[in-house]
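Encoded as structure tokens, the structure appears first; notes follow it.
As written, the chain order gives the labels A, B, C, D, E, F, G, H, I and J, with residue 1 at the start of each chain.
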Amino acid sequence: MDKLAMTETIMAAKADKGWSWEEIAAQVGLNPVFVTSACLGQSSMPREYGEKLTAALGLSGEVVEALAVCPMKGTEQAVPTDPLVYRFYEIMQVYGTSVKEIIHEKFGDGIMSAIDFTLDVDRQEDPKGDRVVVTMNGKFLPYKIW
Amino acid sequence: MDKLAMTETIMAAKADKGWSWEEIAAQVGLNPVFVTSACLGQSSMPREYGEKLTAALGLSGEVVEALAVCPMKGTEQAVPTDPLVYRFYEIMQVYGTSVKEIIHEKFGDGIMSAIDFTLDVDRQEDPKGDRVVVTMNGKFLPYKIW
Amino acid sequence: MDKLAMTETIMAAKADKGWSWEEIAAQVGLNPVFVTSACLGQSSMPREYGEKLTAALGLSGEVVEALAVCPMKGTEQAVPTDPLVYRFYEIMQVYGTSVKEIIHEKFGDGIMSAIDFTLDVDRQEDPKGDRVVVTMNGKFLPYKIW
Amino acid sequence: MDKLAMTETIMAAKADKGWSWEEIAAQVGLNPVFVTSACLGQSSMPREYGEKLTAALGLSGEVVEALAVCPMKGTEQAVPTDPLVYRFYEIMQVYGTSVKEIIHEKFGDGIMSAIDFTLDVDRQEDPKGDRVVVTMNGKFLPYKIW
Amino acid sequence: MDKLAMTETIMAAKADKGWSWEEIAAQVGLNPVFVTSACLGQSSMPREYGEKLTAALGLSGEVVEALAVCPMKGTEQAVPTDPLVYRFYEIMQVYGTSVKEIIHEKFGDGIMSAIDFTLDVDRQEDPKGDRVVVTMNGKFLPYKIW
Amino acid sequence: MDKLAMTETIMAAKADKGWSWEEIAAQVGLNPVFVTSACLGQSSMPREYGEKLTAALGLSGEVVEALAVCPMKGTEQAVPTDPLVYRFYEIMQVYGTSVKEIIHEKFGDGIMSAIDFTLDVDRQEDPKGDRVVVTMNGKFLPYKIW
Amino acid sequence: MDKLAMTETIMAAKADKGWSWEEIAAQVGLNPVFVTSACLGQSSMPREYGEKLTAALGLSGEVVEALAVCPMKGTEQAVPTDPLVYRFYEIMQVYGTSVKEIIHEKFGDGIMSAIDFTLDVDRQEDPKGDRVVVTMNGKFLPYKIW
Amino acid sequence: MDKLAMTETIMAAKADKGWSWEEIAAQVGLNPVFVTSACLGQSSMPREYGEKLTAALGLSGEVVEALAVCPMKGTEQAVPTDPLVYRFYEIMQVYGTSVKEIIHEKFGDGIMSAIDFTLDVDRQEDPKGDRVVVTMNGKFLPYKIW
Amino acid sequence: MDKLAMTETIMAAKADKGWSWEEIAAQVGLNPVFVTSACLGQSSMPREYGEKLTAALGLSGEVVEALAVCPMKGTEQAVPTDPLVYRFYEIMQVYGTSVKEIIHEKFGDGIMSAIDFTLDVDRQEDPKGDRVVVTMNGKFLPYKIW
Amino acid sequence: MDKLAMTETIMAAKADKGWSWEEIAAQVGLNPVFVTSACLGQSSMPREYGEKLTAALGLSGEVVEALAVCPMKGTEQAVPTDPLVYRFYEIMQVYGTSVKEIIHEKFGDGIMSAIDFTLDVDRQEDPKGDRVVVTMNGKFLPYKIW
């Protein structure tokens, strides 16, 4: 079972159950963004969690194996066209160099890891219209001097 | 005075003072990321703040005007090559579709605004290595049904 | 049923009925451009409207569900080659910076929303040759100062 | 005097006068979008109008000549990165095929001209936030059968 | 029947008859380039001509309908690799700006229409090697001053 | 004197004289498209013609030498954005495969030369709007069988 | 039978016979590079040779017809990634302008034809390691002065 | 002295002397293609040859040093637009896979070196039109099995 | 059996056996990176090794033949999006010119062969976190002076 | 002093001294690849080392400051054209997926860091031709499960 078939299988079971990603994630005991990315084939999920997920959704051990495979990550579009995804590309285009300045001032030369990294998406109530809060949390990695 | 000359002028004054973006931002009364993006020519700064900034750095009114101009935003590179900036591109490539799924579940069809939007960069102390925390906060904009 | 199958099903039913998009839209109670974009898989249609559309065209509830899904939007071609679609790309290339100047003068720094947005296509009779009138109406979104 | 020098000259005079594009356009007797596009070097302005414009701004006859030259149109970026300009690209990506369907149904095979074409930008007051209204008006050109 | 299946059906019938595009076009009463482009799915052919074409080739009414559909035009390759097609790209690269200069001098600012447009391909006998003569004939469209 | 300086020199002299490309070409004894392409640096002009051109325009022998140099041809934009030049790109996109079919039927496998090639631009009067007639005439080159 | 199926059929028969391209070419009476390019669908092979080829390999007349069709030439990759093919791209990148200089000096303005053209690949024995000798032979085509 | 200034210096001296690349190469004792590529900044020329070249052309030792520097090779255009250079790109597009097949049959898996490599350009007299003969000679490099 | 089917067959057998690439490579008697690249269709494996591999995995002679075919190498993505593969692209972007400087100083003008080349991946234990050690070993190839 | 001026200053001093990168690096007490990348503007060099470098080369404190700035890294070319640098791109294209497989098997899901990373270039003597040995050593970073 490849990642594509895995995603379709999980999506169908999720639709049957009528569960949200948050509800599935709660049963697996992990963050909803991580669980979603594993189910969409962009992260590998350790077997112990894959077993909880498939138990909850009533899926076979093949899905556990497929979830555990290290995937080829990323997409085919260099510049995304979907408006929601594009906004993150735009933020990088507009604020990328500013964030670079600030991180270098606060930490020195290095980067924010995108591997030792977590991502949260939250809803913030606001009378003028609710807000999406995306929190990225990555280890600072200083460049090695050698 | 165009944006390029404006940035060079501000950078030189900043180096002379030996101030960080945080210190400058505190004197202007705005967020450091916003102040940096205005100084790098990616945001327009209202004159009332521009005057505080130039007063602090000892710069002319021309800089106030240049800061107030609405800039052509974004950069020339479709895919960034700087490792720090690239990591944000990578996050969009790897987690973009997951974030899309979660936002649609929590809010319905629409996007997180990149305009009615704020961005913070913080340092989180951690014994295993300090962490960079980037918080994006944008108004949810539902697609209009017409 | 994915968006592709949904579009094919609707197109076949539309051809059988011999209805135009305008006639279908009138029965749904929405604008023809919006209805077309939902049927082509570029917008999500709320179930209450999807039910009217499928009732009119004699289609199943699966189509209602498929119409309600939030789609991956946009197309694969960065620069369109179809001459009709290309003209809109050309307008952006030739007049984009002018429109930017005018909007900034009239509204300040910000953008016209493409989300809180409607689009109309009308026919204007003209003895020298009828004219296409495309009206875009989007909320102005000022950049947040933070 | 090439187009680049012409734009800089006009921009400086405009800033000195403190006039908006609307005010300049009123003195020239043409639409503000057209006048802006001519001043930015994307349209050619007939000499009779160029003379009014330079008279108002106190500029030389060289500017009249430069405005009359047929320019190389368009910009270097295939996909714009400025958020305001990008929204028009996004509209073409998301609604382009829908507009194509509607125009073909209303007019048959052909296109909306981007040459025999006018473009207006208006402000529509709205208690929930003012709106930008962009109206494109182009002659329908049917494909010749030969 | 989509355009792809339509093209295959026509090509098979054409091969069976052993007719050239010129012979088919003569029976339809249209220019061979136009007939070919309609059969390859790049133009829409009005039903009255589609009926003559299908009558001659012994094809069904489905083909008439498929020929009448307004197609998505153009190809996937931004720069063609086929040597014959590439030469037209090369001509535009090498002589495009010269043709622009000449048309502007002869007609003023505007373009040659590619819609109200005909294209002929002829063979010119020449003792030093026969020549291909391609004649493009498009209405001049002056830019509207508004 | 490089090609860029050569073009500027010729353009200035041409503007001073107030001559069209047709008038210059008549004095040189060559086709206006060819003369224009040589002056824009896209063709090399033999010295005997370069001398006539510089004599007419009152230019130095350096210009004769610069005109005679074999240039690097073509432009930097893979897809042109100028609307007039783009229409030729669009014609290749839409009709390229049809022209290929017709040429192969009339001549066999091979191409129309873009080197042993002439190009004419003419104005055809028409009560419904004058027309641009572009005639390309290239030697047919059959593929060698070896 | 399209070109793809044709190539597969020929490759299978070639593998069954255990023949090299050189051995097949010898039976057809043409150059191995030409025969290979025709079998890979990049050249059209006249029927008289196609019949010899199919007779030798025991293939049907359909293959003869498929070989005779004028193909869409070239590949999808603008920059090849296969190391062997890339080296020819690299040679053009590194030595292309030098070859241009030399050809212009020896022949004047014009090009080496890639149509009236032959290509040979030979093995040259060498004690320090055998060498590949690729010989390109194309008619010089002078630019027409018109 | 960088490579750009070096090329300009050599070109000016070459023009003054009125020598061809062949004549210069004869005095240096190397192949004209190699000498041209060194002078255009695409190859490094050992000092012993650089001294002969500068002695012949009457140039300074700075030129010898500049010629000896290992250059950044290749050009900025991924797909060349100059017709002469493009033909080599086209040959790779059309015949690249055939050459790959033949080399693999004659030599096994590996490539023709573009480093241990020579390139010659010759003129072959031919009553039907002289021909350009380009000979590439590169060491075969077998892939290492490890 | 093409390379794609070959890879799938080997991957399935490898999963059944539960062997790592290292264990398979040990049985074949070659380096794990080489064996993996051959199994993924990026290298050709001589039949003597292919037979050992298929014997160990219990696969047919067809797999031996498929492994021996010289493949079209490389992938479709010009810039990789998978984070692990991207890091090697980043290293080339950031350190490519430095490595070029060092190699030229140590060896003169030339390159490191990617053909007469081996690649090793090792695990280095480290109390601060184990390290990946990638060793590339390629023959230096000096540019030929001719 | 920006990075460009800094590189030129260092290169001139290095040429004057006649030192290799290895000799400079020995005086600074760091690896030659790192020192070269800092001098080429691709790494930031801590002031304590920058002072040793400038003391050795006889350069001013401005160079120390310029070396310490965190640079925008990477180059403008997505695919390098210089043959030496391209070979590293080719290695990533051909062996990238194999290295990914091996690292995942040896370490699990994660990447080799390009930040906590060192790079060495060595010369290995070999009677059949000396070899370049490039050793990359990066910390393994496991993906965080959250």
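Keep in mind that, in the parts below, contacts are C-beta pairs under 8 Å (C-beta built on N, C-alpha and C of every residue); 3 or more make two chains touch, one makes a residue touch a chain.
For each chain, UniProt lists the protein as follows: A, B, C, D, E, F, G, H, I, J = Cyanate hydratase.
Just so it is clear, the structure is predicted and the values come from calculations on it, not from any experiment.
Here B-I and A-J are compared, and the pair linked by more C-beta contacts is A-J. In this structure chain A contacts its sequence twin chain D using mostly the same residue numbers, the overlap exceeding half.
Centroids built from CA atoms put chain I at 48 Å from chain C. Taking each chain's centre as the average of its CA atoms, chain E and chain F sit 23 Å apart. Averaging C-alpha coordinates per chain places the centre of chain B 30 Å away from that of chain J.
The set of chain A residues that touch two or more partner chains comprises 43, 72-75, 78-83, 90, 93-94, 97, 100, 104, 110-111, 113-115, 117, 141.
Under the contact rule stated at the top, the pairs of chains that touch are A-B, A-C, A-D, A-I, A-J, B-C, B-D, B-I, B-J, C-D, C-E, C-F, D-E, D-F, E-F, E-G, E-H, F-G, F-H, G-H, G-I, G-J, H-I, H-J, I-J.
Listed in rising order, the residues of chain H touching chain G in the complex are 20-22, 32-33, 36-37, 40, 42-43, 73-75, 78-80, 82-85, 87-107, 110-114, 117, 119, 121, 123-124, 126, 128-141. Remark: chain I residues 77, 79-83, 86 touch chain A in the complex. If you check the complex, the residues on chain F that touch chain G are 30-31, 34, 43-46, 49, 70, 72, 97, 100, 104, 108-111, 113, 115-118, 141-146.
Those residues of chain H that touch chain E in the shared complex are 79, 81, 83, 86, 90, 93-94.
Only residues 72-76, 78, 114-115 of chain I touch chain G when the two sit together in their complex.
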